[in-house]
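In the two complexes that follow, chain A is the common piece, with chain B as its partner first and chain C second.
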Partner chain A sequence: MNRNNDRITSDQLFSVLVTLIIGIGILSLPRNLADKAGPDSLIVMVAGAIVFGVIALIILKLITKFPNKTIIEIGSSITSKPIGTIIGFIYLFYLVVLIILEIRAFGEISKNFLLLATPIEVIMITFLLASVYTVRSGIETIARMSVLILPLSIIPAIFTMFFVMGELDPSYFLPFFHTPPLKLIKAIPEVAFSFLGFEFILFLGFFVKDFDKIKRVSMWSLGTVSVIYFITVFITIARFGIAETKSLIWPVVTLFKTVEIPGTIFENVEVVIMSIWLLSIFMTVVITHFGAVFLLSRLLKSREHNYLALPIIPVVYLISLIPENVAQVYDFLGLFSNFFGSISAVIIPSFLLAISYFKRKSKHGRGKNA
Partner chain B sequence: MRKILSLFLLCIIPLFFSGCWDNIEIDERAFITGMGFDKYEEKEKKGEEEKETQVSNLKRYILTVTYPNVAMIAQKAEGDPSYIYSTVCASPSDGKQQINLRNNKNFYLNHSKVAIIGAELARDEKMMREILDVIQRSIYINRKIHIFITPQKAQEILTMDTGKNMDMGLFLEELIEKEITSPRRPETSFDAIITNLRESNASMFPRIAKGEKEVTTGGAAVLKGYKLVGWLDPIETRDVNILKGRGKIADYTIKIDKLYIVVEQMNLRSKMKAYEGEDKRINIDFEVEAEGILLQHYYGVPGEPFDSSYIEKINKVTEKQLTNEFLQVVEKIQKQYKTDIFKVGEYLRKFEPKTWEKVKNNWDEIYPETKVNIDVKMHVRRVGIEG
Partner chain C sequence: MGFYEELFAPEEDKRNKIKITKSLDQNLGKVKEILNNCDDVIYREFSVGKGQKLKFATIYAEGLADKNLVNEYVLKNLMILARMTDPDVNTIREKVYDLIKDGVLSVSDLKEIEDINLVVDNILTGETVLLIDKWNKAIVIASKGWPMRSVSEPETEAVIRGSREGFVETMRVNTSLVRRRIRDPKFKIKQMQIGKRSKTDIAVLFIDEIVNKDILKKVVRRLKNIDIDGILESGYIEQLLEDNWRSPFPQIQSTERPEKVVGALYEGKIGIIVDNTPFALIIPTTFNSLLQSVEDYNERFLIGNAIRILRYVAVITSLFLPSLYIAMTSYHPGMIPTELALYIAGSRDGVPFPSFIEAFIMEFSLELLREAGIRLPGPIGATIGIVGGLVLGQAAVEAGIVSSLMVIIVALTAIAAYTTPSYSFAIGFRLLRFVYMGFAAVLGLYGVMLAFLITLTHLCNLKSFGVPYLTPFNIYNISLKDFKDTLFKAPLHKMKKRPEFIAKDDKDRLVDHVHDNNKKRM
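What follows is the complex of A and B.
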């Protein structure tokens, strides 16, 4: 298969990371923040971004030590082969469950706002099939697609938010620092987990052509996402107030619902915005799907990955229909991202990094002695 | 093989061109513009005990909907400007089901413009919360919908003739959204009202009433904790709006030296401050400042209005009169309705968190006892062209 050379540039990596991280999480992020941190949401937002920045630095440190290698090989070379394989399976499991939850949440949102009479099964299957097609085409196609989708989906949405500027009341963020500090610290993971997806760089780094730029580019993408999150949280809470934001399931969608573009040509703008927003969610699913398929092919020691894209779909589809209702989906999502998110993004990378330092030191020590 | 495949594809492809599953042609939709919710009250008590199993015949609401005769707007047909359906129902969605049985068009709420709530319903906290939830939870109804409370029945308002050969929902939308707005009416959008209700447990709903021939909007219904507690007339509503900083233009009739003159206020600015005074009482300060024009004086007294000291006198008298009027209105809201429309609690929470910690648990008792100070500054700048 020589359709493409399966390499991406660091510029493409930027778009990939941004479209990957921004997905369904942002739609409910202001609610979670308002609920946990109240008027101090913005402070927590910034603190969360910084905390995740530190995590990102750990991850980046690890992969720059092993250029163009996947997490399985990094794991194998630092510890031992079986442990590397186990790590690979952990990530595989994590990615598959992520697709499952994302696809279900996506289905719930689009059924709720866009396709009211279409069965959720149909929404999910068509979405998954489109994802299979994209994943089969390889990382280069995905990267090019995300370069196209990034300006198409996220920029109009952010731009539309500015139409409510006149109705904002920033005083909802007062009083400053009046939430108990412990409560604020507890709210930080809420933000940090909305950056999940970044750890995919553990295997996306494998494809990057100009590997030396990877650190700068990924920090830039994190910064961009933080700014988008910050704007979204600020506008949503300043528009609705704390109490109202808390009570809305997807406050950001409701925000789009209240947008009035001058002139009566456009009404109910949220339908348009949600439709293009779906592209961003689509990219999240596609990249997760690709990651799962790619890791699986590595674990199976197969040279090709594309024939694996379809077989995992039935599993994903069937499991994604297990949650009884939308509340349960979000319960699972919260629980899962808290637990497995911290394992895959924080614990494993920092553990591996620590071991690698330790190993190198002991090697140095031995060398001197000899 | 290739042939079979292409034949197969030919059969499959048309399926993808069949369009939306839930497609409804635009001319088959009933674009509901106005909704009315009333409490259903049995005219005569039958003397029977209430049957608990009468679920199938539960009568609680009267739902009224109106939608315009679109063909008439396009000048392709004649007839009534709007179609109105009204039904007694257990819930708004039950009403929708009943109307679906009677109407040949598809019920469609996405473009609804106004919702009117009858006063009887608004006095019933339980039902009021049901209706607010219906609007808030609905994915069809726009949050910007204009919402009213009427002292009469919503049904009566919606079935009125606008006299302009127009649908009532569209008529009210135009009336609210026209360029020259009035400060004698509070904010009408559901979105703004519900946010106030949530943050301060108090809100003003615009009032709508049936006159002899016309419908009139003006004044406000005061809600406390999802329940109607009283009314403000249009003038009082204007004063409240000015104090809240929402009213920017007003024209007060001022009595000066046995003359009634009219002073127009422009660039009205109002600032509220709440703090704990030295005697441990909560003080609420309003500072209102306005520039103005003398709109009407008395014909045939040349020179008088064109005199700086006379204008100064007008300023003094206006300030005094406005201060008194504002105090009266605030007292009515504060002592009679005990409703925190001015968002004093919210102010304390945001800007005086230490004071708020002390008072928040029994704010309901403390609020009516707070001390109100009002300071009005009036600057008449121009007097028109008659000296």
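What follows is the complex of A and C.
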């Protein structure tokens, strides 16, 4: 039998990152922005993208020093082995909780828009089982899938958005800089956190065949995501206005609900868009799931990771049922992404990078003295 | 030894060698011992020479060897013509072999062998063996000639524009059909035998310099690993060679059309022709190539493209239409425009089953019809189609078992499924359609998407001899070079390169054909 060799190209990494980052965040991003920044949402959007770009550069600086290594090995070689293991566990925990939140949010959204009468448990468990199947197929399959799913999920959505063009009112964004600057700065993390998922590159880099291109590719993927976010935020807020956007749970879904494409055989386009969005959220869950399984196998020092895909499902499933309603899920998601997101995407990478600089300097110093 | 010689080096004969002795009677006895109770083998002993002193024997299998050839060019020459010359028996003793080989047998292909086992092998493939007394070698006379079907139009892959030739059951004829289309010395045909008992001839076809050697190596290695008693059809080879036997999709393409094999060879793929079957195999195969028909290339750019797109739409329709109908009518009636929804509800009024059962009944009876139509002889098959399609459908609607819209959906699905050029590929989709219907019945549109995601995972995971099945849809090539022959087909003069995921060496197909030149010449 012909086994996959577990290598992906940097081009595939681009698709993986984009499908990963545009997961759940995009559906509620306009609401969060409208809530925090009001008419200055677009400015905050751009600023947030730039801020995250800087974070991305730190992460990239770190991993390009250690080509094809995972965060555990990077941590171990910069500090010490036990600390590397601890870092690995932090990321593992982070990923598992991410799957939990993603799957719950997904379940809620599908229940709301696709299957009104079906119990959410059924939706979640079938989704998780499908994810197990994909994760067991390995990163190569996941990468190939994301290459296919990226255009499949984005092109119809953007196409549909064109039909609301006539109803847009850009004056909702005026006047600029109306919000106090302090509030604007406080809103920036909101955007930055919707780019979470990028830090997965800390262990996805392990699989990349042409590692030298990783920097260019990942910056490209960030750029693409930013453009998609920008368009989404612009259209949603220009369509509904600040006040209405604030009050909607999933403004983007509502946006599609209002779309009427002339002459189609479908009346409610939002169901179609939701099923297409399902593809993209599936990729997000699968990649997170894969990341968790992969890190776990690294921590357990096992060469194979396929068999670990199923055992973590019961844990994920049971915990994901804990939050009582959507609001709680989003509260958790917000809290969690603020806290763990900043630890895993900002603090640990910059900490490790700083230590590695410091170490190299002290080594240099010693070298000169000797 | 070159790359190919080494690759195709035959395995050593593990049987004990039985030397041919100098005594004709002894040799004949051994052959008869091995071939006892094989009544189709004919032994003809005769004497040659002035004094009838040289004893000869020919052995061949009746029906496999061309009797005419044996009579006219072997026996006649040896028995009559040889007598006309006046051999000096004393001088001839040593040279009898050379004399016969070079001067008497007027047959184009002769071999000499020394092993009784090989003698038997040759007899059973249809050759005639000549044994000579006092000579420890046997002469093999190529005399294969058995009744065969003449080359005719392939029934499973009909085209409107294209060659009318199809493969037949004889490998030699099939290789000649391919060779006639590639008169390049670089086009290689390597033969091997598979099957402990059937000893089926298999030809591996490829074009040196174009073929992907890694894939070729893999193919030959897997072919050599096959240890089976008999190969009855190329389907055996296909199943023993493929990467994933659980998959509903064929990972090796089978075709009856020589030009399809030739086209594949020009792309750097490998063809396998198996004796006794008109179906040749093409390796590696991708999702995309299964939706291509030879006609696409013969037609002009716009027409070819339109048909290609139509076919892709048809595949998607045949897979999704019934399940989408089920999902929409039972879970998302809000998606359907109000008037249509009312009409559907009206036509379903009185139908006692949920739409899944309804769809299942119709799809199942359609599969029955299809299977019955294949088994029945041609004219009756058409009758079944009419009886089943028209009468049964109409009656079912009138009886109120199914709604009329359901009949339309199922009929449309069936028609769409028939547009797929590859039969084995279409079967895979037929099977999946039922799975999709089940998912749609339980989970609605979400279920359909879930089934699609699982299929997609499987397709992304699948490889045909190291080539990802969905190539080139899921490999990135910013210049879109490999997309020239997928959903859309670039005009022929723009397809200058071979597909890069297969051909690694000689990549150029067409050298700078400028269409303007054609205009200028006018």
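Here is the rule we go by: the second predicted complex is superposed on the first by the 367 of 370 C-alpha atoms of A that agree within 3 Å, B and C clash if a C-alpha of one lies under 4 Å from a C-alpha of the other, contacts with A are read in each partner's own complex, and residues count from 1 in each chain.
As a convention for this text, a residue touches a chain if its C-beta (ideal position, glycine included) is under 8 Å from a C-beta of that chain, and two chains touch if they have at least 3 such contacts.
For clarity, every value in this text was computed on a predicted model and none was experimentally measured.
K.L.:
In the overlay, answer first, second, both or neither for which of chain B and chain C A:Leu115 touches.
P.N.:
Both: A:Leu115 reaches chain B and chain C.
K.L.:
Quick one: classify A:Thr9 as touching chain B (first), chain C (second), both or neither.
P.N.:
second
K.L.:
Is A:Asn268 touching anything from chain B or chain C once the two structures are fitted on A? First, second, both or neither.
P.N.:
Once the two structures are laid over each other on A, A:Asn268 reaches both partners.
K.L.:
Which partner does A:Ser337 reach: the first (chain B), the second (chain C), both, or neither?
P.N.:
A:Ser337: touches no partner chain.
K.L.:
Counting only touches as set out at the top, which of chain B and chain C does A:Ala243 meet: first, second, both, neither?
P.N.:
first
K.L.:
Once the shared chain is lined up, is A:Thr258 touching chain B (first), chain C (second), both, or neither of them?
P.N.:
first
K.L.:
Touch test for A:Ser171: chain B only (first), chain C only (second), both, or neither?
P.N.:
first
K.L.:
Return first, second, both or neither, reflecting whether A:Ser280 touches chain B, chain C, both chains, or no partner chain.
P.N.:
After superposing on A, A:Ser280 lies clear of both chain B and chain C.
K.L.:
Give the label of whichever partner, chain B or chain C, reaches more residues of chain A.
P.N.:
Looking at chain B versus chain C, the one contacting more residues of chain A is C.
K.L.:
Hey, what residues of chain A end up touching chain B and chain C alike?
P.N.:
115, 118, 267-268
K.L.:
Name, in rising order, each residue of chain A that touches chain C in their complex.
P.N.:
Residues 1-2, 4, 9, 11-12, 14-15, 110, 114-115, 118, 122-123, 126-127, 130, 133-134, 137-138, 141-142, 144-145, 147-149, 265-268, 271-272, 275, 278-279, 282 of chain A touch chain C in their complex.
K.L.:
Residue numbers of chain C touching chain A in their complex, please.
P.N.:
Contacts found on chain C: 218, 243-244, 331-332, 334-338, 340, 443-450, 453-454, 456-457, 460-461, 463, 465-466, 468, 470, 473-476, 478.
K.L.:
Contact residues on chain B for chain A in the complex?
P.N.:
My answer: residues 21-22, 110-111, 139, 142-144, 191, 194-195, 198-199, 349-351, 353.
K.L.:
Quick check on the complex: what are the chain A residues that touch chain B?
P.N.:
39, 112-113, 115-118, 171-172, 174-175, 178, 240-244, 247, 254, 257-258, 260, 267-268
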